[in-house]
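Following this line, the structures themselves.
Shared chain: chain A. Partners: chain B in the first complex, chain C in the second.
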Partner chain A sequence: MSIEIIFFGQLADKTGCSNVVVDNPGSIDALSMVMKMQYPNLATAKFVIAVNNKIVFDNEPIEENAKLAFMPPFSGG
Partner chain B sequence: MKEFILRYQRQITLEGFGMEAQEKLSKAKVLVIGAGGLGCPVLQYLAAAGIGYLGVADDDTIQFSNLNRQILFGQEDIGQYKVDIAAAKLNALNDRVKIITYQERWNQQMCIEHFPNYDIIVDATDNFASRYMINDACVLLDKPLVFGAVSKYEGQLAVFNVVSNDIAVNYRDIFPTPPKNDEVLNCAEGGVLGVLPGTIGVMQATEVIKLITGVGAPLANQMLTYNALNNQYITIQLIKNSEAIKTSPTTLDIFMQTNYAHLCS
Partner chain C sequence: MQLKNIFQEGAIAAHFIAESIAKHATKTEIGGHNIFLGQVRADDIDGKKVTAIEYTSHVDMALEKMHEIREAIFAKYPLTCMHVHHSLGVIKAGEICLFVFTSSKHRKAAIDACAECVERIKAELPIWGKEIFEGDGYQWKVNN
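The block that comes next holds the complex of A and B.
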């Protein structure tokens, strides 16, 4: 089963895509590892992760078919 | 009184708004920090809406490269201080609004001195040092903060320090520490679509009006992200972050000693 990830702002430049569908690795920590392997540029990026429109900070399980957002801080005005 | 009713007729006749909400606006004091891409539309709509007392802070002069998005300014204003031109334009739009200008780079002392005089603070700045400073001061001084930020074709909007469901999040609950220089692009490097800060700035003005009048539900404990390229709006629910307590100044003394320029470089 898979999950969808949307990359916001500069993260889309770093990954080269605005969204991607991947196999569900099961948890936030596992996903972080998979993403950093797949997109090494993410290692030098700051972002928070939202799962199904809720921000998460801990290593929570990821439900099947979840929609995730990787969101960086913006400073421009 | 007749002029008051005529000027605001379209919103006074709004169901759920009325004279009561209009009078709340005319008594409200709002401080807008930054008179740039975000600040211009925020100021313009708040002055038009009839905010009683509007603070405008910016230390910059108008550059030619500002004109694609900073809509209070014209070609003839190049080189003039933004706050002076903004005040003149806003006064011409609505001379019942009292405009206070601060032609200085906003600093920690100014937060402590001036925030208590305002009901709502609007962050329309363009750098992380100012954003973290304003956020921390709003937490310590218990002021609602309407946050807006843009990058290229995307924008973020949030209302901080407003209690909803027993919690009130702030920027540090999302990003406890500022990014390092190599972790983000600034507007000059990354560029920004001129109309984008207009969209986000108008949304900031809308949140200010909602907070003052109590009409609708403000974007408290949520962050909205807008992408102009695909019309995607995503609103995420925020929660308190245990890291934020460790990185936020806990007293005004500690706040005053914090080096924000250093923290964000």
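The block that comes next holds the complex of A and C.
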């Protein structure tokens, strides 16, 4: 099954796209690794990952149909 | 659950703020309001002038988070009401991009709640500002 990842802010500059569909690698750590291989500029970027609108702090499994977001440091206001 | 939408496309107009204040005239239990207005600053970065900030957001996540912040602030302070408006899109230097408005019986709760709300918005809402330079180029805004 595939999952969709959305890149926000400067991460979209670094990847050259605002979203991408990939095969679900199964976990957050695996996804992070796959993305850094696919987009080498991400390796040095600061970001957090949100699954279904919640930031994840640990290596969680990724459920099918999960909504994933890669987000750089916030700068609202 | 219906989440309150805090976002609006474009700058927050002065008359919108004035009307928002006027609407509270019927709430006669209020004794103090506190308002924070965020304005786009024409920073000078290595000789390049910021002419505007373009805001984008992970909107549905931001609205969920704002709901959480709102609940926490109402639980902590005796507020009568709180209103939050944040701009999306291109906001020119000098225009208002954030409007936080708290009201309570006595001033202290309104002032403290407003300050805490602004800090939490800046730290916790997934919103990004792209600072657009005069002529050409941009850089991504960093919150302190």
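In the analysis below, the second predicted complex is superposed on the first by the 73 of 77 C-alpha atoms of A that agree within 3 Å, B and C clash if a C-alpha of one lies under 4 Å from a C-alpha of the other, contacts with A are read in each partner's own complex, and residues count from 1 in each chain.
Please note the rule applied: a contact is a pair of C-beta atoms (placed from the backbone, for glycine too) under 8 Å apart; a residue touches a chain by one contact, two chains touch by 3 or more.
Quantities reported herein were computed from a predicted structural model and do not represent experimental measurements.
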Residue contacts with chain A in the superposition, chain B compared against chain C:
B
Is A:A45 in contact with chain B, with chain C, with both, or with neither (first, second, both, neither)?
first
Touched partner set for A:S75, first chain B, second chain C, both or neither
both
Counting only touches as set out at the top, which of chain B and chain C does A:Q10 meet: first, second, both, neither?
both
Report for A:N53: first if it touches chain B alone, second if chain C alone, otherwise both or neither.
both
Go through chain A and flag every residue that touches chain B in one model and chain C in the other.
6, 8-10, 50, 53, 69, 71-77
In their shared complex, chain A is touched by residues of chain C numbered 38, 55-58, 60-62, 64, 86, 97-98, 118, 121-130, 140-143
Over in the complex, which chain B residues touch chain A? Could you list them?
34, 36-39, 123-128, 131, 148-152, 154-156, 174-175, 178-180, 182-187, 190, 192, 197, 223, 225, 227, 230, 232, 234-239, 241-243
Under the stated contact criterion, what part of chain A meets chain B in this complex?
6, 8-10, 18, 44-46, 48, 50, 53-55, 57, 69, 71-77
Seen from chain A, its contact residues with chain C in the complex are 6, 8-10, 50, 53, 69, 71-77
